[in-house]
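Look at the two complexes coming up: chain A is in both, with chain B in one and chain C in the other.
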Partner chain A sequence: MFKKTIDWLDERFNIQPLFEFMSHKEVPVHKHSLWYYMGGVAMILFVVQAMTGMLLLLYYQPGVDSAYESIRFITTKVSFGWLFRSVHSWSANLMVFFVFVHMFSAFFTRTYAKPRELTWVTGAVLFLLAMVFGFSGYLLPWNELAFFATKVGTDIAGAVPIIGEPIKVLLRGGDSVTGATLSRFYAFHIALLPAIFTVMLFLHLLFVQRQGMHEPEFFKELPTEKKRMMPFFPNFILRDVLLWGVILNILLYLAVFFPWELGVKADAFAPAPEGIRPEWYFMFMFQSLKLLPAHFLIMEGEVFGILFFGIGGLVWFSVPFWDVYIKESIRPKVLKWFGIIVIIFILIMTAWGYLV
Partner chain B sequence: MGLNRRTFLNTILGGGFLGWLGSFFYPVLTFLVPPKIPEANVQSVNAGAIADIPPNSSKILKFGRIPVLLIRTKTGKFSAVAATCTHLDCTVQYRKDRQDIWCACHNGTYNLAGRNISGPPPKPLNQYVINIVDKEVLISKPKQVG
Partner chain C sequence: MKRLIMSIFCIHLAIIFMAATALGQEKSRFDKNDQCVICHKDLEAMPENFEESDIHMQKGLSCAGCHGGDSTSDDEEVAKRKGSGFIGVPKGKAIIEMCGKCHSDIAFMRQYQPRIATDQVQQYAKSFHGQKLAKGDTKVATCASCHMAHSIFPAIDPRSTIYSLNIPETCHKCHSDEEYMKEYNIPTNQYDKYVKSVHGIALLEKQDTGAPACNDCHGNHGAMPPGISSIGHICGTCHVNNQAYFSKSKMAIEFEEADLHACEECHGNHEIQKTHDDMVGTGETSTCVECHDEGESAYETAEKIHTELIGLVTAFNSANVLLKKIERVGMDDLDMSYAVKDAKQRLLSARTLVHTFDADRVKVKTDEGLEFAKKALAFGKEELDELDFRRFGFGIATFFMTIVLVALYFKIKDMERDE
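Moving on, here comes the complex of A and B:
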């Protein structure tokens, strides 16, 4: 039956070359092979996001008077509503975590170098989109923490010189965070972002498939007979699936035993509560902004912070285009230390944000 | 070199295409900008009777669409400031124990006159004018500070 279907399709679409390609594709086996799986994990979590998101859409109602209430309805009245909402939130966080791991592993193994510059760039766009996904989704329950986090986040966008103010108004749908902001974030979260994300993910995967897996320097230098390889299909795919199973189990465990809280409903005329903080992946920036004085050098502290992170991000994401200018003998060392400093900075700031 | 038929047609078609792009993006971009909603021009707000606001307490009032923080100090004096932090837009609060104004988002503090005294806020909070009329507290439009 299966063969018949394949033959039927092959007769019409000539899909045999695709099978040819898949059967010849190989994945290098070495001490850093583990990192090859991280992108796949992030991807499966994105699929979980899309599926649970679609389910939540059936009941969620955007609006100042309905958003919070509809999520309370989902978590208390709808069968398994609490589970799907909790899975959606947990899987969002796990996805961002694995996107971070995937990005740093790509950085340290220097997979971004020629000819994979565009794979890195599409990955960078996906990373930023994942952050915007998180930021826009955070507001949708319309609770106190999210309300103030959104105020702060959009105000940060507003502090960007020249283009900041129009961007802020565009994001908020007005001068302040209101129901109009919620409508916009909802539209971004369920329509605009998924559309762009899917296209970018397709390109990212296409590039990976077209160019094959990256081989680290030490592996490339091995004689051909010493290079251990694993067929992509079925060996690598099956390992991928096994790991997805493990991750999905962890996700389910977290969602069931640590259900995501809904918090207190947002009130535009209440003071910001103590302990206000953004999602953990924004914490390092949040904490840095907290530490900056009102004025730094010739500018306001927040403008300095925004410029710092803006330029820092640009340097980070354009690494395939400038690392070639570093002398080849010291290049790996310089980049390794650059990456380590970035990680230490993020870790210290994040821990500081939670401890103080 | 004179204008031949090919360049002429390319220019016309290219120009037409750019015009078409413009006619497509202009409405989209302007659609994204929210229309200005006329705001009620609030001049003053009644915060209630003096007796209802005990010393060393505060409340947040709606001044049109803007939150305003009304404080009654330990000594019974009133002051009112814009409740929106000048740093990143969070809503500030009165701290009874320290008798200052505090923003929980990034730990900015102001004195009771709204002047920024520590943390990241770059500017003071706008001060509102307090009038006591018939034992009621009236708050009116701010004096610009800073």
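Moving on, here comes the complex of A and C:
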């Protein structure tokens, strides 16, 4: 039956060359092979996001008077609503986590280098989109913490010189966080972002498939007979599936034993509660901005912080285009320490944000 | 965050600016050519506590408005000459007359506030202070004792000595002074007791301006100790239902016959403490046993009421603890929380019904409350069962997933061995 279907399709679309290509695709086997799986994990979590998100859409109603109530309804009255909502929230966080891991593993193994610059760039866009996904989704339950965190977050965006204010108004749909903001974030979260994300993901995967898996320097230098390779189909894919199974089980465990809290409904007129904080993946930036003095050098501390992260992000994401200017003999060392400093900075600021 | 702090800072700055502007506007009505102020300032002889933002100053009523005299002359002799109406520093009855001159005249006062009360002097005359003053006792409080003489603000102004949060301190100045109050033979520990009371804590510690200060029970201009017949009404102005139940109870008649002070007998006066369920019943902390002995029907009633209340409290607490657990584990707490709220409402009603001294009426409410508490516990149990089911389901799913994943693992190993 399967063969008949393939033949039917082949007769019409000539898909045999695609199978040929796939059957010859191989994945290098070495001490860093584990990192090859991280992208796949992030991808399967995106699939989980899309599926649970679609189910949540059946009941979710954006609006100041209905968002919180509809999520409460989903988690309390809808069959398995509690599961889909918790899985959606946990999966979002795990996805961002694995995107971070995937990005840093790609950085340290220098997979971004020529000819994979565009794979890195599409990955960078996916990383940023994942962050925006998180930011927009955080407000949708319209609870107190999310409301004030969005207020603070959009205020920070508003501090960007020149373009900040229009961006803030665009994000909020007005001067302050209101139902209009919720509607916008909803539209971003369920339409705009998924569309751009899917296109970017397709390009990212296309580049990976077209160029094959990256081989680290030490692996490239091995004689051909010593290079261990694994067929992409079915070996690597089956290993991927195995890991996905483990991740999905962890996701289920988290959803059942640590259901995602709904919190208290947002009240625009209530005083800001204590402990307002963004999602953990924004914490390092949030904490850094908090620590900056009111004035730094010739500008406001906040503006300095935003410029610092803006330029820092640009430097980080354009690494394939400037690392070639570093002397080849010291390049790996310089980049390794650059990456380590970035990780230490993120970890310290995040821990500081939660502990202080 | 910094932006938020900056915004708050800016808002405060704006408020301070606006307030300063407003004050500036108020002050602008003060005549800067007033010779009384000019000379007394030069001589550093301004009265103690003089405030330029005093309400009279704001309205353009300067020194001469109360003390008389000619404020346009810089010559003291001319300013205070006979015929200028100069009265100097008024004392005792003169203060009442001086203030009353304007404050009892609605035709004059309505230009400032159309609905302002003008019966203060009339009330004062009926007060304990006023009666004593009429008999020649100049130690008693007059207008300036409470309102001050030169820093008078409206009662809603937090700077005012008669602002609700400041009233206990204002009364305390005289009433806690043992030496000063000696000849009146009344206690001087009211303030010390009040600050420890449920009302004092609410007003002074929690800054709840809705809590009663001295004047809410004793009155202000017509201040008097509340009498036996009026004390229930005084408490009843806030504790409406308690007073309504009590006044219709047989105890109200018995209290009146025995010259007992309604609410005060059980709850005290200045040192009223937060009530608790053991105040009723036959235990050591019960107020019922102060009058009733074992064998009396009232003693049994007290015991019954206490049993009913404690039964509902126990059931309510169990339901509440379970509700917290249900919330913690992320289960559906909606129906349960409504049932717990209903049980709490019945408990509050039952506690209020204690003032009927009717065990049957209390029981009706506690039975209703028990029903809601039971319902809440049943909802809670359902949710816990559902939680167990979810965890069991997770266990089953994990079991099958593990089998599949282990099989897959061996399949991969097998496949790679063949290669």
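FYI, the second predicted complex is superposed on the first by the 356 of 356 C-alpha atoms of A that agree within 3 Å, B and C clash if a C-alpha of one lies under 4 Å from a C-alpha of the other, contacts with A are read in each partner's own complex, and residues count from 1 in each chain.
The working rule: contacts are C-beta pairs under 8 Å (C-beta built on N, C-alpha and C of every residue); 3 or more make two chains touch, one makes a residue touch a chain.
All values derive from a computational prediction rather than experimental measurement.
Participant: Once chain A of both complexes is superposed, is A:G245 in touch with chain B (first), chain C (second), both, or neither?
Facilitator: A:G245 sits against chain C, while chain B stays out of touch.
Participant: For A:G263, decide between first (touching chain B), second (touching chain C), both and neither.
Facilitator: Touch partners of A:G263: none, neither chain B nor chain C.
Participant: Can A:P273 be said to touch chain B (first), chain C (second), both, or neither?
Facilitator: Touch status of A:P273: first partner only.
Participant: Pick one for A:Y253: touches chain B only (first), chain C only (second), both, or neither.
Facilitator: second
Participant: In the overlay, answer first, second, both or neither for which of chain B and chain C A:G63 touches.
Facilitator: In the superposition, A:G63 contacts neither chain B nor chain C.
Participant: Looking at A:R72 after the superposition, I want to know if it touches chain B, chain C, both of them or none. Which is it: first, second, both, neither?
Facilitator: Touch partner of A:R72: chain C, not chain B.
Participant: Is A:W82 contacted by the first partner chain B, the second partner chain C, both or neither?
Facilitator: second
Participant: Classify the contacts of A:A294 with the two partner chains as first (chain B alone), second (chain C alone), both, or neither.
Facilitator: Both chain B and chain C are touched by A:A294.
Participant: For A:N235, using the defined touch cut-off, is the partner it touches chain B, chain C, both, or neither? Pick first, second, both or neither.
Facilitator: second
Participant: Which residues of chain A are in contact with chain B in one complex and with chain C in the other?
Facilitator: 151-152, 155-156, 159, 272, 289-290, 292, 294, 301-302
Participant: Can you list the chain A residues touching chain B in their complex?
Facilitator: Interface residues on the chain A side: 148, 151-152, 154-156, 159, 166, 169-170, 173-174, 176-177, 180, 268-276, 289-290, 292-295, 300-302.
Participant: Sort out for me which residues of chain A touch chain C in the complex.
Facilitator: 72, 75-77, 82-83, 86, 151-152, 155-156, 158-159, 230, 234-235, 238-239, 241-242, 245-246, 248-249, 252-253, 256-261, 272, 286, 289-290, 292, 294, 301-302
Participant: Contact residues on chain B for chain A in the complex?
Facilitator: For this pair, the touching residues of chain B are 32-34, 37, 60-62, 65, 67, 69, 83, 85, 87-93, 103-107, 116, 119-122.
Participant: Touching residues of chain C toward chain A in the complex: what are they?
Facilitator: 1-4, 6-7, 329-334, 390-391, 393-394, 397-398, 401-402, 404-405, 408-409, 411-412, 415-416
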